[in-house]
Amino acid sequence: MKNRLFFLLIVTYMLFLTGCWDVVELEDRAFVLGIALDKAEKEEDIVVTYQIALPSQMFGENPGGGEKVKNISTVAPNIIRANRQILTRIDKVLNIEHLQVILIGEELARDGFYKHIDLFFRDTNVRRKTNVLITEGKAADYFEITPLTALSASQYISDIMRLNESRVHQVSSAVDILKLAISIREGRDYFITKVSKAEKDVVVSGAAVFKSNKMIGWLDADEAGKAKWLINDLTAATIILQDVNGIQGQVVFEVQNSRTRIKPVVRGEQVEFDVNIRTEGIVVERENVNFNVSEKADFIHELEESIEAKIRRDCMEIFEAAQKKYETDFLNLGHLVQLYNIRWWEKNEKQWERIFKDAKLNLNVDAYIRGVGLTE
Amino acid sequence: MDRQRDMDRISGVQVTALVSSAVIGVGIMSLPNRIADQVKTGATVIAIVSAVMVLIATYIVAFLSRRFPYRTVFDYGPTIVGRILGKLITGVLLFDFILVSSIVVRMFAYVIKLFLLEQTPIEVIIISILMVSAYLVQNGINPIARICELFFPITIIALSLLLILSLQNFDFKELYSSWQIGAMDLLKGIPSTMLAYLGFEVLLIVPAFMIEPKGVIKYGITGVGAAVVLYIVTVVMCIGVFSGDDLRYLLYPTLELAKTISFPGAFAERFDIFFAVFWVLAVFTTIAIYHYLSAFSMTRFFGLKNYRPFCYFLLPVIYFLSLSPQNIYQTRLAAALVSYVGGLVSFVLPVVLLVTALLRKKGVSYREK
Amino acid sequence: MIKIIKKGSKNKKEDPEKKEQQVPPEEKVSSQFSKNFDENFNKFKEYLQSSDDVVFRQFTSATGVKCGVIFIDGLVSKELVQMHVIRPLMQEGQNLKKTSQTENNKDNKESSKGANNDKKEQENSGGEEAVAFIIERIITAAETREAENLDKAMLPLMSGETVLLVDGYDKAIIVGTREMQSRGVQEPVSESVVRGPREGFTEVIRSNTALIRRRVRDPNLVQKTFTVGRRSKTPVVVSYIKGIANPKLVERVEKRIKEIDIDDLIEAGEIEQFIEDNNLSPFPQIQNTERPDKAAAALMEGRVVIMVDGTPFVLIMPANLYQFFQSPEDYYERWIIGSILRSLRWLGSLLATFAPAIYVAIISFHPGMLPTTLVLSVAASRQGVPFPAFVEALLMEVTIELLREAGARLPKAIGQTIGIVGGIIVGDAAVRAGITSPFMVIIVAITAISSFIIPSYSAAIAFRVIRFPIMILATTLGMYGILLSFIFINIHLVVLKSFGANYMSPVAPVRVHDWKDTFVRVPLQLMRRRPEFIDPIDIDRYRQDPVKEV
């Protein structure tokens, strides 16, 4: 009997749950697809631009007319205040669960944006895959671009990152909130993907280098590619060889997979990095190069050697650039040292910058050409 | 039909499910964070060592229970150490169970509020879970065991899925440092970690309901073992994905782990909500078990038979207790306090009881077969 | 129909004795028969004269003894009465002595219903030898028995047997002459299968018991009759296989049946409500079926079957949750198909129960769970919808339920069409008018279709019903609310028992052996034992020798 009484009690209780505190109907939500941060006139302020989706324009019965997104800007000392200010101007509730991308303007990046971004780390609603990019010029401008193949600039950029970052080695590796959070919290130096404008489009290539949370320079597309060789496991890249062994013409080699293994070796205060790169791929294009039957095996060997040489050169260049030109370990090699030699790291962490400048790189590259496509 | 029906008895498999469910609860949400809080490196080592120690403690408790078949610690406590001390033991246990219930409810409600229901008053969440718990607990240990049997595989599968899926972000190199640890650090880290594995003290009471008490050691160790393995793997995965030193900033690494998962087809996002759902099942079982144990100990403390009124009486008690910490830091403090009481109950008490029992030759030995 | 129903089932402390304490209406007249034919005959007439379908036929036997038959037209085979009762008496009674003092030698032919077997002691002289002679030599009907008083003669008379009164004998002879119009064995309406027998039970209990006997030719099959209902006196047959079914179960069933105190029993469902363990629960604890093959299989498992005269639905107990997902086809087709179908049913029921609630939760609470493009698409389609998701869902669900109920009443041909047309038109119009979004219509359609996938109508209703509270919880507490209701329902199911067997067995408590027939169906070769949760006495299906074991 008690069983039933209790059952009824619970049923009645349910009826009293009349306050649905968390209910926000779907059409009352404003989905923020992208946030752009720029430097404002006043020192303490930033310009926050929100790109808000207009679903009925995107999918509704009358597409093509009008804007698919709405961009709103406001000036505030931090993002939270900006959120509040926006809410006074818009008839919906902001929802950042679908935030695709965070764009940071160049000027703000040079000043250091890290203090504004902490909120994204704490909020439970932000997706960890949200990409962060540094823009050439003002970030807010990038939201004005209406891409033809995507519904909004934010999604456009994030789709490029999602699909093509692994296919092209000029697109610097994606930095998502998670990685950025770790880098900032651990006080490391890092580099973030760069996006620039080109006519009516955006170009995602290259990267911005950060030292002590302030931007100090750009890596162009090639340099970004070299960085990827050194520290990433590439999934795709192309190498163009010119005039191999005196024979005229270009040969293009496409990497199908590649593996980089870096092992730091510490001796006293010296650090050496033993790098092992192993890459496989096929030849996709040649120009005026003859493959004679008898020469095939040798020729491939020569091609491979050329490839290896090029990779070695590239990696060395970027390494030295990090050491000398930027004087900062944005490639995050320090973390590797920490992982392999925790004791040494604990003692020498403070001097890492100095030690890094004198670090050496030992490269060992193996390239394998597995095939040449469909034709000889 | 069911022999179980008339006597509120449970089977061995149900004991495994019960113990496992009691251990897997709120702890799994924040364990990696707590370890990282204490030590810079060597988290994996700490996790494993603590696990081993917990298994040993489980063995001790199970062994103790086996010596007194069909009797709970409230029965054999007085037998071993006399009536007054026995009453004291009952009181301490009662105190511990109520505290654990409250703190688990509180932490659970807080996580729900954080991830699922931001605006809902925490009182509503607490009341709702307590009422469902009461609905279950009023029927005795058998339905609780059955619910554990039901939910346990679901929880295990969901958690395993989480761990397997986060392999895509897993970087094995991050684990290198977690193997190296100094002795001092080890000693520092173990106490707080071991207490996240609490839950096996239910074996002080639950085996009394078993049909065949002989197997309690086997079933108990299996249950705790499964839970412990899950915890260790979770710690490993968290380190691998988040890098050991960042863990101290992440308060709920397990759910963060879920956040990092992405399916290639992307048919669903926000997996943390998805996994939070399964986690709720695991925590619910923990809450229900401790709720039952509180009611049961209270009944025995007052020497009464019917525990049902206590089951309801405890609801407001647990409710108010769970609301007493005012913020997250007080909650953690309270959790630490509770874990020390729990540690006393789970580690110290059984050893004392067992040693005394052996010395005074109380209880049944299984040597003669 | 206003019924006088006394509270039956659980709290019943009264026992069958009480029944006899009450004064049955017949007792107003002394029910003992006398030796005088006219007296006896008139006793019947007093009760039954006002009904024209009761036939009173008085005649004299060939030897001059006054006899009479009483029967109810429409319930008897007149042919039988004429040829095998009246004719022999009238024409061939030469050897009948006129004397009224003779000894009696009772020789009752056993009818399969179980007759009153009175044994030899007779102090009363008078026509007994004659009667014995009548029964043994003259009445050529297959079944006869005797009734000492009016009370005992009434029920058979009302059921279609013929009462034969002989002057000088103080008992009535009941001759089995039943024949009534009935539907005949047809395909069961509510449970048709693609592959399998197409026989269904009918309303005549005797043919139902025969249908079962045909499938279980085991002499251990017991079929016991009870009478339930004071005025309706409906025969109820409890059937089980002795040696397999657990005697405790049988005892429990019989006890609960005897405790039913009601004046009118029409359908098996009423028995179900009286004897089930928990009538507050939406989940049925007793299975019902129209199919003899299902009933026979249940008997083989060690369960008990109850048949009620006047309805083709029989009851099977004990039941657990997973049995409501079993359909006979699962067993007649090969095991892979059976398993896939079974799993599909589970998926369907989950969908049917939780889909609308999950929709409400995701739309109103956690739009982050859907991929971005999908969310934006749904948001676009919801522009202009004035209601919150919950109201929208509720409206559509209620509409579907209305359509479904209405469709059930319509004649076959029109029903299907109206259902489909109604659904399409209403759905489309609702979207057009902006009352709902197309997404909701899809969800509702999937829910409706999924709920048809559950083979048992009673169980399907359970899932349909609980959908609504879950929706309410979803709208107040989102996914957490759905979760709470999931836990709550599981607790309820776990505590529920059906005649002592756990409702959620074999999942909780775990009986691994029974899993062979729950979510999948393993090959028949592997199903060597009967389900454990019923606790049958004899668990092996193989190597049985029923006759020898008796």
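A few comments on the model shown:
In this document, chain identifiers A, B and C correspond to the written order of the chains, with residue numbering beginning at 1 in each.
One rule holds in what follows: a contact is a pair of C-beta atoms (placed from the backbone, for glycine too) under 8 Å apart; a residue touches a chain by one contact, two chains touch by 3 or more.
Model, not experiment: these values are computed from the prediction.
Here the chain-to-chain distance from chain A to chain C, counted in touching steps, is 1. In this structure, the chain pairs B-C and A-B differ in their number of contacting C-beta pairs, and the larger number is found at B-C. Note: centroid distance chain A to chain C, computed from Cα atoms, is 69 Å. The mean-CA centres of chain B and chain C are about 48 angstrom from one another, to the nearest whole unit.
Centre-to-centre spacing of chain A and chain B amounts to 40 Å, using the average Cα coordinate of each chain. Contacts with at least two other chains are made by residues 3, 7, 10, 17, 19, 22, 97, 127 of chain A. Residue positions 117, 120, 124, 132, 135, 139, 269-270 of chain B each touch two or more of the other chains. Multi-chain contact residues, meaning those touching two or more other chains, occur in chain C at positions 365-366, 368, 372, 477-478, 488, 495. Every residue of chain C that touches chain B in the complex is listed here, in rising order: 246, 248-249, 318, 365-366, 368-372, 477-480, 483-484, 487-488, 490-491, 494-495, 497, 499-502, 504-505, 507-510, 533-535.
Considering their complex, residues 40-41, 114-115, 117-121, 124, 127, 131-132, 134-135, 138-139, 173-174, 176-177, 180, 242-243, 245-246, 249, 256, 259-260, 262, 269-270, 272, 308 of chain B touch chain A. By the touch criterion stated above, chain B contacts chain C in their complex at residues 1-2, 4-5, 11, 13-14, 112, 116-117, 120, 124-125, 128-129, 132, 135-136, 139, 143, 145-147, 149-151, 266-270, 273-274, 276-277, 280-281, 284.
On the chain A side of its complex with chain B, the touching residues are 2-3, 6-7, 9-10, 13, 17, 19, 21-22, 97, 124, 127-129, 178, 181-182, 185-186, 335-336, 338-340, 342-343, 346.
If you check the complex, the residues on chain A that touch chain C are 3-4, 7, 10-11, 14, 17-20, 22-27, 29, 31, 33, 53, 55-56, 58-60, 95, 97-98, 100, 125, 127, 151, 155.
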